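So, here come the structures, one by one.
The following pair of complexes shares a single chain, subunit A, combined with subunit B in the former and subunit C in the latter.
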Partner chain A sequence: MTPAELRRIANRIRRRDVQAVFEAGAGHIGGEMSVIDLLTCLYFHELSVDPADPLDPERDRLILSKGHTALALYIVLSEKGFIPKQEISTFLGHRSRLNGHPNRVYVPGVETNTGPLGHGLPVGVGMAKAAKLDRRSWRTFVITGDGEMQEGSNWEAIMTAAQFRLDNLTLIIDHNRLQQGASLADTNELAPFAPKLAAFGWHVEEIDGHDPAGICRAVSRATGTPDKPKCIVAHTNKGHGISFMSDNVAWHHKVPNVEQYEQAMAELAEAAE
Partner chain B sequence: MNAPFDAAQLHDCRDAFVATLEALAEANKHIVAVCNDSVGSSKLVGFRDRFPDRLINVGIAEQNMVGVGAGLANGGKVPYVCAASPFLTGRALEQIKADVAYSRTNVKLVGISSGMAYGELGATHHSIEDFAWIRALPNVPVIAPADRVETAAAVTWAAQHVGGCFLRLSRMGVPDLFPADHVFELGKANLLRDGGDVTIIANGVLAHRAVMAATLLASQGVSARVLNMASVRPMDAQAIQSAARDTGAILTCEEHTIFGGLGSAVAEVVVDSCPVPMTRLGVPGVFAHTGAANQLLDDFGMSPEAIASSATTLMKRKA
Partner chain C sequence: MVEMVSRPYARAFEAFAAGNPDILCLSADLTSSCEIDGFRDRHPDQFVSLGMAEQNMMSFAGGLGLAGFRPFLHTFGVFMYRRPYDQLIASIAYPRRKVRLMGFLPGVTTPGGMTHQAIEDIAVMRSIPNMTILETGDATEVESICAAADSVDGPVWCRVLRGSVPRLFDTPIRLGEMRVLAAGTDVLVVTSGICTEEAMRARAALAKAGVSIRHLHLHTIKPFDAAALLDHIGSVKHGVVTLENHVTEGGVGSLVAETMADAGIGKRLIRLGLKDSFAHGGSRPYLMRYYGLDALALVRGIADLTGAAFDITEEDLAAARVDEVHSLVKAEAL
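Presenting the complex of A and B:
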């Protein structure tokens, strides 16, 4: 799939996301705009997954460890055919299986239940280790938020992944520089991530997390180092694609009013042309 | 640190655990052991030597350890995640909740040296809250075997059970209570001794003490029923209801705080469906003082003599 096609899909997903947050009256819109290009490139270009056989043992695994941006994942899964597109309108609704954090028991395509931060990478290490034990070629991808990297469990898993030489594991850090209440820099500054991961023995790539060509290149098997897990530091913007949300910490989980919603949709529609 | 019993007849249940695990692993190549640098204390040296690739030691990192177990299960493995129970259940409780219970993964959690087995090491190393913590979670059966036979049977059961579970094992020597061909059934209590005057319900290292207490009571003319209740969740409500009906009083004994553990679980059934007088023996809501494990059990009123005495006191409250 070409970068232009991936951009079109990502734009469509952004619009559906903004609409669903507006209609549900809740969501994590900033982090969703931030991660959508990464999810789109993975699901529409790189991952080997089959909605007709979501538990195929040979599938690639993706864990959205920043589980609060579940809506973005739900929309991607609906675009891929794992769940019906019309079901997105039930997001956060009474008894909907699409709650605020993904649940593998009820939503096909979800690999593990996330929500509390710092859970995805250890689980991803276990998946990658299972593939190594069986000498299988399927791969494991974990997407974390940059603020999420403040959770110590991630660093436990970073050590283990290097020790186990899991070159079939890719960690993508959605590095939008903002956490819930403030910037990372004003909270617990972990950046720069690249030298830290390199010091732990990982292969590191730094990319523009909104550039499909760069994302696709970084997540492919073509980049990496044998015996080293791969970390992609994806430089992103929270609220990307919507002028008044972009890089604005206020939009972590704010809901647009009617005027803001119309402006956001107009901007995204214009970008689609 | 062993039971008040002839030392030659005491067995460390960890030996039965690893012998069974190795036999299961021989037959099923997907069985793996995950640990936190606890190869020695979990007695996994033999497993490591036989299956070096399948001993997954993540280092001293319990949160990671449980997450790795969940990921291995996702990849088709059957992980037995082994660590000292206080650290497995305390440090990694949220991973147990989200990655195992809520995600319904096929992870076998094995809490080693549970209860007050590390008596002298202090309360940081005691695991007398684990029944309460894990029992509060859906999808994770909680099992505390009483001897080496029941340990082996429970480890075997866990391998064929599709889903998570928590096996609470001790390192204290305990005598055999079950015949060698015993089969573990989840949610089923075992009648260790029948009686009509009072019922003593216990599990883990307390089960044989309960049997000894019943023997003492018999010499005093009291007929005590003894139920082994390895399965703390799900519970055998029927056995509790029968005990209430037949004996009219229930005494529980556990190597755990009396808040939220076996006694609480039994009391929930009793108040819901068969109110009778009850006494809950255990650690009375304090951090235990320094002492060998068996000494601590004695100190907290769970010597066979003290259990028997509590039973006779309880019987006076019968209607």
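Presenting the complex of A and C:
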């Protein structure tokens, strides 16, 4: 799929996301805008997954560790055919399986429940080790938020992945520089991530997390170092694509009012043309 | 004289796991302390060392479980749930992974004090949906706990004894059942883990004093056969005494209390164990005496329940165990 096509899909997903947050009256819109290009490129360009056989043992695995941005994953899964598109309108509704955090038991395509931060990468390390033990070629991808890297469990997993030489594991850090209440820099500054991961023995790539061509190159099998797990530091903007949300910490989980909603949808529609 | 078995877990785990590639042995750097050093040396392909990183070990095991492996996690009980509790819930308990949590040094079997003594683990595990709970009380149960745990389609919490362990039973753990060790008619005694041996020490002296004891040993704490317990309670005159290597809140004593209350049983219940107290560091027999977890404490409990006064001293309590282990010569290693 070409970068232009991926951009079109991502734009469609952004608009559906904003609409769903507006209608549900809740959601993590900022972090969803920052991660959508990554999810789109993975699901529509790189991952070997089959909506008709979501538990195929040979599938690639993706864990969205920043589980609070579940809505973005749901929409990507619906675009991909794992769940019906019309089901997105049930997000956060009574009896809906589309809860605020992804649930593996109910939603096909979700690999493991996430929500408690610092949880996805250790699970992914276990999955990648399992593939090595079984001598299978499927790959494991984990997307974390950058603030989430403050959780110590991630660094335990980073040590372990390097020790086990898990070159079938890719960690993508959605580096939008903002956490829930403030910037990373004002909270517990972990940037720069690249030298830290490199020091732990990982292959590291730094990319523009909104550039499909760069994302596709970085996540491909061709990019990497044998015997080293791969970390992609994806430089992103929280609220990307919507002028008044972009890089604005206030939009972690704020819900747009009618005027804001209309402006956001207009900006995204214009970008689609 | 009771047979003492040296390191029963080491042999039993190796016999069970070796050659079964779906079973993996995970360690958080307490390999020899959990008696899996020999397994590590002889079966390196099934051994995974995770270092001192229990949160990662827990979720890592969840990842292995997703891919069809059945990991056996080894560390001290306290380190298996206090720090990685969130991971235990989200990676293992909720998705029902077939992860076997082999927690060593239950309760006061370690002199390590508060940081090393798992005294509330059963209360925690009982409240977690999908969790099965097993506790070993002798060498035969240690030898059979791997097979018992691995028969469960979901996570299993295991309290495992290490080192020199007495052999009290001839038959392996049969999941979900309870052992009927005596079928008397005055008082029902319900014990688990190392407290069962204490109750066995007390039984002969109590019989001599004219008390007829019905004694149940629980190796399976969850799931639990409430109907069987109620039958036994119906067979005794006075009531029930429980004795456990655990706080009395949430453990075996609570389990019995809840069962009695649910069924409207009006008999008395005396729960012996740690009474809303952490334990300090000390030898196991000292701690069991100090905190009232031993045979003498059980005799006092039964006296309280029956209203009888017994003239039973430590000397009257049968040695259900050789002195070697009770001596302080070999202090339990941390």
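Rule of thumb we're sticking to: the second predicted complex is superposed on the first by the 273 of 273 C-alpha atoms of A that agree within 3 Å, B and C clash if a C-alpha of one lies under 4 Å from a C-alpha of the other, contacts with A are read in each partner's own complex, and residues count from 1 in each chain.
By definition in this document, a contact is a pair of C-beta atoms (placed from the backbone, for glycine too) under 8 Å apart; a residue touches a chain by one contact, two chains touch by 3 or more.
Because the structure is predicted, anything quoted here is derived from the model rather than measured.
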item	value
Combined model on subunit A where subunit B meets subunit C, clash or fit	clash
First (subunit B), second (subunit C), both or neither touched by A:78	neither
Touching partner for A:113 - first (subunit B), second (subunit C), both, neither	both
Subunit B versus subunit C as contact partner of A:159, first or second or both or neither	both
First (subunit B), second (subunit C), both or neither touched by A:122	both
First, second, both or neither for A:40, with subunit B first and subunit C second	neither
Partner chain in contact with A:65 - subunit B first, subunit C second, else both or neither	neither
Residues on subunit A lying within both footprints (that of subunit B and that of subunit C)	104-105, 111-116, 118-119, 122-131, 133-134, 152-153, 156-157, 159-160, 163
In the complex, subunit A residues that touch subunit B	57, 61, 103-105, 111-116, 118-119, 121-131, 133-134, 140, 152-153, 156-157, 159-160, 163
Complex contacts: residues of subunit C adjacent to subunit A	24, 48, 50-51, 53, 55-56, 58-69, 86-87, 90-91, 94-95
Of subunit A, residues touching subunit C in the complex	104-105, 111-116, 118-119, 122-131, 133-134, 152-153, 156-157, 159-160, 163
Complex contacts: residues of subunit B adjacent to subunit A	32, 53-54, 56, 58-59, 61, 63-77, 79, 94-95, 98-99, 102-105
